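Common to both upcoming complexes is chain A, partnered first by chain B, then by chain C.
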Partner chain A sequence: MDTLGEIKKIIMELLDLEDDPITPDTYLIKELGAESIDLLELAVAINSRFKIAVKDEDIFLTRFRLYLTEATQKGMDNAPYIAGKYPHLTNGRIAEIITHISEGPQLKVKDLVSYITNQSKGA
Partner chain B sequence: MNITFSGTRGLLLGGTCELALALAVSMIKSSLFPILTYRSNEGLHRIRHALPQYEKNYDVGYLNLGDRDSLQALFTHVGSDLDFLVDFAQGNYESLIAQADEAEVYRYCMENISFRAEILKTVGRTMLKKRKGRLVFVSSTAAQRPNPGQGLYAAGKLASEALYRTMGLEMGGRGITTVILRPGYVEAGRGRVYIEEQEGKVLQTVPIKRAVTQKEIAETILFLLSDSAASLNATVITMDGGLTHRK
Partner chain C sequence: MKRRVVITSMGVISSLGDNDGEIVKNLKERKVNFERPVFDSDVVTAPVANFNIRDYTGRFKDGRYLSRGAKFAVAAAMSAIQYSGYKKEDLAEAGLFVGTGPNLDIGGEFPEIKEGNIDREDLQALWILKFLPNTAASIIAKLAGVHGENLTVSTACSASLQAVGEAFRKIKAGHLDSAIAGGGDSRLSHGGILAYKKAGALYAGNSDPDKASRPFDSNRRGFVPGEGGSFFLLETLEKARERGATIYGEICGYASSLDAYTMTAPERDGKWGRIAVTAALREAEMSPSQIDVISTHGTGTLLNDAREATLIEDIYAGCTPRVIALKSWIGHTSSACGALELAISLLCMRENYLPEIRNLEEPCHEDINFIRNGENSSFGTCVIENFGFGGQNSVLVIRK
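The block that comes next holds the complex of A and B.
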């Protein structure tokens, strides 16, 4: 299944996009302007299309900053702690997000693809 | 007045109470299809007994407040074709706050507040697929003016009202709207028992000098489900004959 292609179709329909500006590295919130209600619709659509359980807080990395704080409070290394929380993210992607986290919401289209791929394996 | 509806299938939570049964009849007569929830065989029997001539015009589903498996099973049964929700469900626990059993307090809040949030999440996500839905929460004037002993009941109603109001704000742009009805003294269920216990004296405090009837409630909810009421969103309507507005 072309997960990226399907995700792009869903996002374009939900956000009413006419051109196709979406790549794996497109930021959903920073670039496409997705709001919380758009993400909710996206989660519902992904659940429906891919027949996987979707936990919104995980697929949209909602608690990423909170987990960083938790890791610090517990005296643990950030990256392994985050990896435990988001098993669908690679170490490289986690490092990338941590590096740029002060620049705004880091959620990218490829993170959704990773989540779906990971959930599909477990299904 | 020509009343029209955007949809047909409506889930009635707490479907065994007198008001829900009265509404179910009104809905069926308006060509809507109610799905009534029950939590015991006795409740199921009450539904069957109240709607004998309409057996092909409604459905039933098991739901027990606090039982998450029953919620999942209910929505597997109902499917994604759901247009309306009318929520009558509310457990009763009367106690002075300072006398309330701690375990009962936690259980009551879980069943009547936390579980309702889970219901709303499930319903909201179901309706979002169609970008259309109408939700009515049947609250009570006790939310505004509880009698002594009604603290938990009032807390449950107020918290649930907040959930419904907020959902109407969050999802109104996606065609999913909410409205809350607060009846006062009603000629049904616990209301009737209370009025009888007080030998009708309590009705003297109501400016219209009588209780609200089941028919009035059912017809008002039917109107709230209609297209004409679609702009009533994230708000509370009080239907108490003026009770809570007098000094």
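The block that comes next holds the complex of A and C.
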């Protein structure tokens, strides 16, 4: 099974989902209703399944807003600053998140896939 | 005006079935479910076959934190709520009283313990929740939208009867108008069986599994563990009448006490158990002669049954209440036994039926009116007794 398939399986089991509503563009928090404890469990499950080190604040983009503020305070451009913090995200994805960040938590399933792929490469 | 408290809904998940009709049918047809667990052929258990919590709750993610016992509690509570006619908004101010036991499935939770190291990479982030006593309550509250006064009771085999009793008191005293109360438990895991086997409390032998649980029989040789859960909706009689609810029965008295004796054995003279019974009768404003039926704790252990029989002879001297022992049907369901035995007693009261004490061939006490053959028989009052490890005594008085 590919990384997306594995991740979907983990999420469906954790959130006890019956049908398969998950695509790469599914929002984890906004659409699937994942809460902080679900993310904690997800990190454990990803670590166990993919044998990679998982840093919660990186994989779940929990400091994204904080980094935006930091960039502004330092007089730096947002996108490159964020790219330095989240090397697993493409420039396109970073721009997309910045555009929609006022609409609620932007974490998508594909961000998890990117993180896992990136970490696996580094391993 | 004195507030009266009635039971207007119940959810039961037992080895006899999970609905009123099935349970009564199995009692009358004498269908039980006793078997030997695969991991220990010395003992006998009474498991609930094909239990799946989703049948009662639908899908929900927090189920991952429930031990099997807690699953029975949540499933039974949601079942009671489903039959109650209460909507989520009706439950916001209701109370919640949950009898629970420990999760003893140590081997199942940590299958590879070596030199005390329990860590492994797939251990849940919040595995602690599988061991906290109030996890069932937390999940019932979340699923049902219950926000009122609440209590999780962990007083061994008295727990769920005490949970119901405490809910009764809160409603009677005016702190609540309604409450969900009951309990669920399972200790049929390897760890649970080991714990009781080492304590010498379990039946162990090679007789027919159906014959192992034999409360008050002279040849009783220990209890047979069971599992399950039962919950009730308690509310004021006034409220029940107002909404035209079906009333299973009224709770009229409750009491609990502590032996302060040994950690496991009941106190020899049964003094404090007797005090609990008489206090519950006093609250119910009933004399012993007004009690038609006693649902005993009746575990089938030498000490418990001897003490309980003596207690019955003392309190009901000159009266002849009929005596049942439901553990001969469903095994000893640990902290859930009070709620399950209350549920079955209420069903028997409604159906005018008294089930025999199974396997009672030579009664240990001759002067007690043990039910030897199932009988169609009307009764209007019943005392439920439960006594637990740690010298916990609890008693509830109900009437039609």
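Points worth noting:
Everything that follows uses one rule, which is that the second predicted complex is superposed on the first by the 122 of 123 C-alpha atoms of A that agree within 3 Å, B and C clash if a C-alpha of one lies under 4 Å from a C-alpha of the other, contacts with A are read in each partner's own complex, and residues count from 1 in each chain.
By our rule, a contact is a pair of C-beta atoms (placed from the backbone, for glycine too) under 8 Å apart; a residue touches a chain by one contact, two chains touch by 3 or more.
What you are looking at is a predicted structure, and each value in this text was computed from that prediction instead of being measured.
Superposition of the two structures on chain A leads chain B and chain C into a clash.
Touch counts on chain A: comparing chain C and chain B, the chain ahead is C. Contacts of A:15 after superposition on the shared chain: chain C is touched, whereas chain B is not. Residue contacts after overlaying the shared chain place A:72 against neither chain B nor chain C. Looking at the shared chain after the overlay, A:44 reaches both chain B and chain C. Once chain A of one complex is fitted onto chain A of the other, the partner contacts of A:23 are absent, as it touches neither chain B nor chain C.
Looking at the shared chain after the overlay, A:99 reaches neither chain B nor chain C. Of the two partner chains, neither chain B nor chain C is touched by A:91. Working note: chain B versus chain C after chain A overlay, options 80-88, 98-106 or 188-196, clashing stretch identified as 80-88. Under the contact criterion defined above, the residues of chain A that touch both chain B in one complex and chain C in the other are 37, 40-41, 43-45, 47-48. Chain C meets chain A in the complex at residues 59-61, 63-64, 121-126.
Interface of chain A with chain B (complex): residues 37, 40-41, 43-45, 47-48. Of all residues in chain A, those touching chain C in their complex are 14-18, 37-38, 40-41, 43-45, 47-48. The part of chain B that touches chain A in the complex is made up of residues 125, 128-129, 170-171, 173-174.
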